[in-house]
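Here it is, the structure, as structure tokens.
In this document, chain identifiers A, B, C and D correspond to the written order of the chains, with residue numbering beginning at 1 in each.
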Amino acid sequence: MSDLSDLKVQVCAANNALRTEQLVTLTWGNVSGINAERDRVVIKPSGVDYDALTPGNMVVVDLDGNVIEGNLRPSSDTPTHVLLYKAFNTIGGITHTHSPYATMFAQARIDLPCFGTTHADHFDGPVPVTRPLTAEEVERAYEAETGTVIIDCFRDLGLNPDAVPGVLVAGHAPFAWGPTAMVSVHNAVALEACARMALGTMQLNADAMLLEDYVLNKHHQRKHGPNAYYGQTKK
Amino acid sequence: MSDLSDLKVQVCAANNALRTEQLVTLTWGNVSGINAERDRVVIKPSGVDYDALTPGNMVVVDLDGNVIEGNLRPSSDTPTHVLLYKAFNTIGGITHTHSPYATMFAQARIDLPCFGTTHADHFDGPVPVTRPLTAEEVERAYEAETGTVIIDCFRDLGLNPDAVPGVLVAGHAPFAWGPTAMVSVHNAVALEACARMALGTMQLNADAMLLEDYVLNKHHQRKHGPNAYYGQTKK
Amino acid sequence: MSDLSDLKVQVCAANNALRTEQLVTLTWGNVSGINAERDRVVIKPSGVDYDALTPGNMVVVDLDGNVIEGNLRPSSDTPTHVLLYKAFNTIGGITHTHSPYATMFAQARIDLPCFGTTHADHFDGPVPVTRPLTAEEVERAYEAETGTVIIDCFRDLGLNPDAVPGVLVAGHAPFAWGPTAMVSVHNAVALEACARMALGTMQLNADAMLLEDYVLNKHHQRKHGPNAYYGQTKK
Amino acid sequence: MSDLSDLKVQVCAANNALRTEQLVTLTWGNVSGINAERDRVVIKPSGVDYDALTPGNMVVVDLDGNVIEGNLRPSSDTPTHVLLYKAFNTIGGITHTHSPYATMFAQARIDLPCFGTTHADHFDGPVPVTRPLTAEEVERAYEAETGTVIIDCFRDLGLNPDAVPGVLVAGHAPFAWGPTAMVSVHNAVALEACARMALGTMQLNADAMLLEDYVLNKHHQRKHGPNAYYGQTKK
């Protein structure tokens, strides 16, 4: 097994960034990261204040959710994270928050439309809402089934999780992901900002038009495509 | 009588948390706590800046609202707090604020609906609005009667104050409570966040559906039920 | 002439409080105070950053707006302040801001209704919007005529400026006042908070009922009446 | 060529002000300035955190957008900035952000109306939305064509960029400008504040009247006209 100390530092820093970026109230949010071998996930301990987090108290679990290292219980959302890592095999980090504007769309059960380039820079199209869980799913394994409805949603819509790195769980809240734990936090920040601006856009103009597809593609490609020219290094 | 010094420290810290959690404007909010014997209530002095609060200037009253210790006048809302402690005999702390979003619902006189799991994590169903006070009640004993309408509201609706630890007083503002002073502040934080997100949910979708009962129950039980598994210790 | 050094300290602190209370953007706000003899007004210099304010650079003017002391130009709104002091002869401080929610009501040209006790604690009834200035008034003496429309508004509505310590100037922004410069800032804070909550109340319930008169009176009297019992000293 | 060290200090400080004034999320904003000879533009490097900016890592480009000095890639929006400097030959600084409220109007594709004096103090009339770019323009030279639609917009409407120092790019976000880099940031702050207040004004009163022309002119002239009397020096 590879040494996980770097990953613990990254995941701890990403959890702290939830607070810096004002994505969380109380302890309502958690970030995880997976190692290169994709057999160990490092995740925030459940219900612990962000102030009290250190790389040393991050919890290590395997891909069945069993605790491998750590004295604290992992986030209660761990089964969701683990399932997403297994299904979306290019992602390296996951962020779950109840950030207010993204949660409003999740509660209203409305896909987040792409009204502008801010959205296009991060999400290559609308951010979908999942179907609700059934009573049987909630009873059986609530957190794991939350992962399942996300995976079903992406499969049914034919979405690439690298192109649309986030989702709104119906009646619950957003999940976002990315190549690293910190990038997953940045995608959660972008999701929240786009949700806030979409609400205002819809209030100003109930018939607001979606961003033209050719602008959407251009913006996403200049940041994420093979010839990306945003930032200091090509991705 | 038991030593109240620990309770004074807790109540002072909880009052300071009102500001840290951005629940208060000027001096519009107060927190109290009750001792284990349930014969003494420690409460914020009236109209004093949060910066100036110390455990030593907290005011101690008995359950008739008489000042037992302290050189300052207690919060003008003391009669409301005292009545709630007498009626809701499992609660250990009470928070009253005029936090903006919860107050919007109190002013609009609309029960706060449960649209999502954030709400379900803290309140086992809608947070009700009280009936308005009558002119006679206001004249007779305004603050005590405010306690009475809260107690009437919970009795008439058959609500358990441990399951729904908050209320919206019509035309006024929220009260929240909990097993300790600090938990009552956390419930006030949750009430404010849920009110904010409910307003946006209703703006996005005037026909937004309520959270399914089976998800509401699941979320509340995983945090508060006999087999709770959120956080580090069972409650 | 009395020594104005205490008043300069108070007015400087009140101007700094505009920023602490998040009432101002850039340099869009100013506070003044008047001395006990009511012949000298101390006011913020025009267009100066709050960081750069000291008691020593406050400007002293007489009641015709002539600069008596100070090397800087006084706030361009000085003629408004001076007229208000002459007409409302019990007030000791005035705050003018473009705080966003109060300005929304001023721009929408809608009186701020009293929906709850937060409002009643500070304003004994709705906060009115003035009539617009005429083209002739703007041409003649814009800032002085702004004072005149405020004074006309209170006279025409029969309002007592001590009971309703604020106003919304149509198409412009709020003014608030009080017995001291700092209390005028607190009334501006309350006006902003009440405007924010009123907007949300109206969004939740287009037919939201006004606060019952008997609660309005009770709340205002418990803070401001001859038998006030809010805070630590009777007023 | 003139020494650009002063300009680098100014542009670096203006980029840092984006964060202080809460105009930016992540790295979504950039400020540039032009030298007196109007042959060199200093601009933020692309995708670099505001915390990491120093005068020394600002990028210098010529008016064709070629990098003249600096080891980092310039903002991807550089072609837009350069075109604006060539077309608007009195401006000295340009700010581009995705500030939320201005972006809501850009996404809703609605001109920002002038409802009050806050707006009039900075913009001598409505702030226009550009036409959308065509697919051909996006394909050919996206960032340069963004500059072109802004310039077309001002020419077609007969607007003076000194009188209306900002624009909303349809489906994208605002640009603001001014005589210096820091004044362009202040105009971006004013644009955001006015957009926020305009949204609320329209929510309160769907038929809200525009500010009377004679007040608009008066406010703009008292700050920017030949006899300006706002602030400490005539402009």
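Heads up, the rule we're going with is that contacts are C-beta pairs under 8 Å (C-beta built on N, C-alpha and C of every residue); 3 or more make two chains touch, one makes a residue touch a chain.
Since the structure is predicted, the reported quantities are computational estimates derived from the model, not experimental observations.
Of all chains in the assembly, none touches subunit A and also subunit D. A turn of 90° superposes the CA atoms of subunit B on those of subunit C, with the angle given to the nearest 5. Rounded to whole angstrom units, the spacing between the C-alpha centres of subunit A and subunit B is 32.
Inter-chain spacing, taken between the CA centroids of subunit B and subunit D, is 46 Å. Residue positions 203 of subunit A each touch two or more of the other chains. Listed by chain label, the pairs that touch are A-B, A-D, B-C, C-D. Residues of subunit B that touch subunit A in their complex: 115-118, 186, 189-190, 193, 196-198, 200-201, 203-205, 208-209, 211-212, 214-215, 218, 222, 229-232.
Those residues of subunit C whose C-beta lies close enough to touch subunit D in the complex are 25-26, 28, 45-48, 72-73, 76, 98, 100-101, 103-110, 132-133, 135, 138-139, 142, 171-173, 199, 202-203.
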